[in-house]
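Next, two complexes with subunit A in common: one pairs it with subunit B, the other with subunit C.
Showing the complex of A and B:
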């Protein structure tokens, strides 16, 4: 991919595989940057970043609150809620694709980022994983805080959240990758190119996939689209891999 | 404020979210699947037609049957992926230096978006200048028309579907490698030492120590991946768009087309629920297998 960006169309067509191009065309990277017009690559990357970061932040906060209540409070119906969350894990997201599409239209959220961010606000996976983590936090600490006059919400905000940092980091990273790479829901929901995520924007290159003239530029665009996540992975691989090898395998 | 009320207050947003964005769509979808709803008509004008959509899907819609068949063929990439992943994990486990670098390299395809990976593989599969065909030609073989109307098993297993499966295998090997590597490292070294002292060779200690201890991991990987793989969408959408002439169609792509192309919502909803029931059945069978295998964590 990287190598292809540096090639000329003639080299792409050559009957021999060249892993390292003879005359690297570095200017292709600049051309590729300006190649995707609707939306420009920087805009799509920015959109993806905003959508992903806000989804992840919202999801971590809201789901860890639910996880905390389920882990540390005994109340009527808590088992039902937990069973519902487990059941949610088994329901394929494609099942509610059509009703959700209509619902988003009725809310007036079609073709807005609300339709991407709000449904992601709670995730059964995150709730489940956070509950499993918070259950390991000793009750004594919480009781001590309660005795010294901490409110219930303060307990969550000042005790549970800071203590859950490792779990939040691991789960947040996985969710970041998932939401960043999500394709089906954004491609259904977004119509205005200015709102496109990077994945939907790349999809716009599909019609020219066979043209050898374009391959260096398509390859360049893909390089721009993937490099941010690869860098993130390399930096955070310890957390990311640890989190991923757990339950997350089922959902991809 | 009474303390017993606090959990409920904390859960209000969650309840709202579940009611509006989970339960309502599911129920509404069931109702819709019994109607002939087609926008832009108003939903109130849709007629209740009972099970007609379901009957039509299961008896007359050959495309739906084909798409389900394709989804089940596609799932078969998973065992291959697990085997190769297992092999790499064994090799990597013996390497002392550079393990973490290899781990990162294996993991990059897993976190890279399928959309981007698909473009690379479209180039690899290109009939004229794709490296795969160049390689085949250099071996003196006939280049394959990977994206064409060709079958491996006539009328059953299209070549483009194999192309998609190969891509997925490549993409997810890394995940298996990492899971197995974690599994291998959790086996205490003493087991292997004890085996060596009592005269067991490499093969024997693999056969009688490594393999049985990793069996739960292998089963877990295989089983949990099935539901996700049956719902394949992006891979097929990006590589073939279901084509040529819909021979690589899969259920989620079909549902997508019923929204975006045909706008046939009632029928599409019926398809979604049949597909949901199939996945549910598969998952339940698998959980039974897991239980029998002595698995506790699912």
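Showing the complex of A and C:
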């Protein structure tokens, strides 16, 4: 993708693959930036960032709260609730597309970011993962905090959240990539180009034909869409590895 | 004055497992009381009830004069040290200690002074900036203690505080704990399954078994005058030897299929007054048996089955009928396997237990 941006259209289509083009055309990056017009690429990237960050933040908040309650509090019906949440995982997402569309319309959220952010703020899978993580935090730690005068919410805020950092980071990153790359749902819900996410904006490029220069410019635009994910992975890789090598609490 | 009183305390799990069964206990001001019992006897549940981490199903808990049944844990003014120490792994040791004060909105500079004072008391001033993961077992325990005592709790609860330390440190820390408790003068309830720990630390020991308190008393009371079969068998190491026997009243003998033992007249009278039948259990501590190479009056003949030289003493396992009787001897005492020897019980330190009621007669 990156290399293709630096090539001419002829070089891209050539059967002899050049991994590093002989004459890299760096100006393609600038042209690719200006190439996306509805909305401009900076706007689409900004939209995607706002939507994805707020979705992930809300999702982590909701799933850690629900996960904490399900993991550490036994109350009448707690297992039933957990089973209902698990049952959610078995519904294929495609089947919920139209009902969700109707629901969002009914809320009056069509063509707003609410329709993207609010459904993404609650995820059965994330709740399940958080519950499984929090269940491994020893009860003694929480009891000790209770005896020290910590309130129930204080327990969540001062103990569960900081101790769940590796899980939150791993889950947050995976969901960030997922939501960032989502195309179908935003393209269904959004009409106003000014609200478009980067993926929807890239889709608009199919309608434009700007001579033979078209292909490297698309490659450039896609590269721009990928850069934030790469940066994020580099920053959080420490937590990512911790998260993947065992999503369980361990004495640190 | 902080006394703790438990009245008819009962805790039932899942509507069928009776963890704590109708316990009455009165812990005096500044007393160090140890709840001693095998695992699963309900001792930890008992102190968790006092802490407020479990709600009792029946009965009352008083801390001082206040009935605390419906008081939430953070308002009970109790502090607890957990078996796992339960330090908060994401906070420095100093922040761990400061946390209870922080939760009670103590001014910052006051917290700093208090932490400093406690750290000096526990000799952990140099550890305050470390994370709990970087502390050794003994250090982590001191931090846990500091966290517990910083708020001057009314009651100090210790749940198996020494179980996670290595053997040498355990012997050292039990003295330290006792000293610390005397120094700060706080009513303390400690749970342990280790009798030597209990005897070393406690002012009084309550022996628990199957959710009930079997006997309360000082270490020597429990050792010298156990009130029932369980306490007799649980306290003392190696455990007391038990032999089934019957009283033959006219001859004044205790008879079993392996031995016949003449006992004093006065004893027979006591047995007759207190026992429900002539079926008895004779209990003799290994320390109260002397092993003889020649037959002497009132001795019982047996055969050496095994020898356990422990250094400070030698335990000789003796075959008596189909039973093995353990006897402690001087470490220099030598004997060979299969030797025929005679054992003599110390008549003044024998225990007789009613087989039916399992209550001690003497």
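Methods note: the second predicted complex is superposed on the first by the 213 of 252 C-alpha atoms of A that agree within 3 Å, B and C clash if a C-alpha of one lies under 4 Å from a C-alpha of the other, contacts with A are read in each partner's own complex, and residues count from 1 in each chain.
Quick note on the criterion: a contact is a pair of C-beta atoms (placed from the backbone, for glycine too) under 8 Å apart; a residue touches a chain by one contact, two chains touch by 3 or more.
In this text the structure is predicted, and so the values were computed from the model without any measurement.
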item	value
Partner chain in contact with A:150 - subunit B first, subunit C second, else both or neither	second
Partner chain(s) touched by A:141 [first = subunit B, second = subunit C, both, neither]	second
Contacts of A:226 with subunit B and subunit C, given as first, second, both or neither	first
Partner chain in contact with A:73 - subunit B first, subunit C second, else both or neither	first
Comparison of subunit B and subunit C by subunit A residues contacted	B
Touched partner set for A:162, first subunit B, second subunit C, both or neither	second
Touched partner set for A:65, first subunit B, second subunit C, both or neither	first
Touching both subunit C and subunit B, counted on subunit A across the two superposed complexes	251-252
Complex contact set, residues of subunit C against subunit A	51-53, 73-74, 78-80, 82-84, 86-90, 99-100, 103-104, 131-133, 147, 151
Subunit A to subunit B touching residues, read off their complex	1, 4, 12-17, 62, 65-66, 68-69, 73, 75, 78, 81, 84, 88, 90-103, 118-119, 121-122, 152-153, 156, 177, 180-181, 183-184, 188, 198-199, 202-203, 205-206, 209-210, 212, 215, 218-219, 222, 225-226, 229-230, 233-234, 237, 240-241, 244-245, 249-252
Subunit A residues touching subunit C - in the complex, by the definition given at the top	138, 140-141, 143-151, 154, 159, 162-163, 165, 251-252
Parts of subunit B lying in touch with subunit A, wherever the complex brings them together	3-4, 6-8, 10-11, 13-14, 17-18, 20-22, 24-26, 28-29, 32, 43, 100, 103-104, 107-108, 110-116, 119-120, 122-123, 126, 128-129, 131, 134-135, 137, 172, 175, 178-179, 182, 220-221, 224-225, 227-228, 230-231, 233-234, 237-238, 241, 251-252, 255-256, 258-260, 265, 268-269, 272-273, 275-276, 279-280, 283
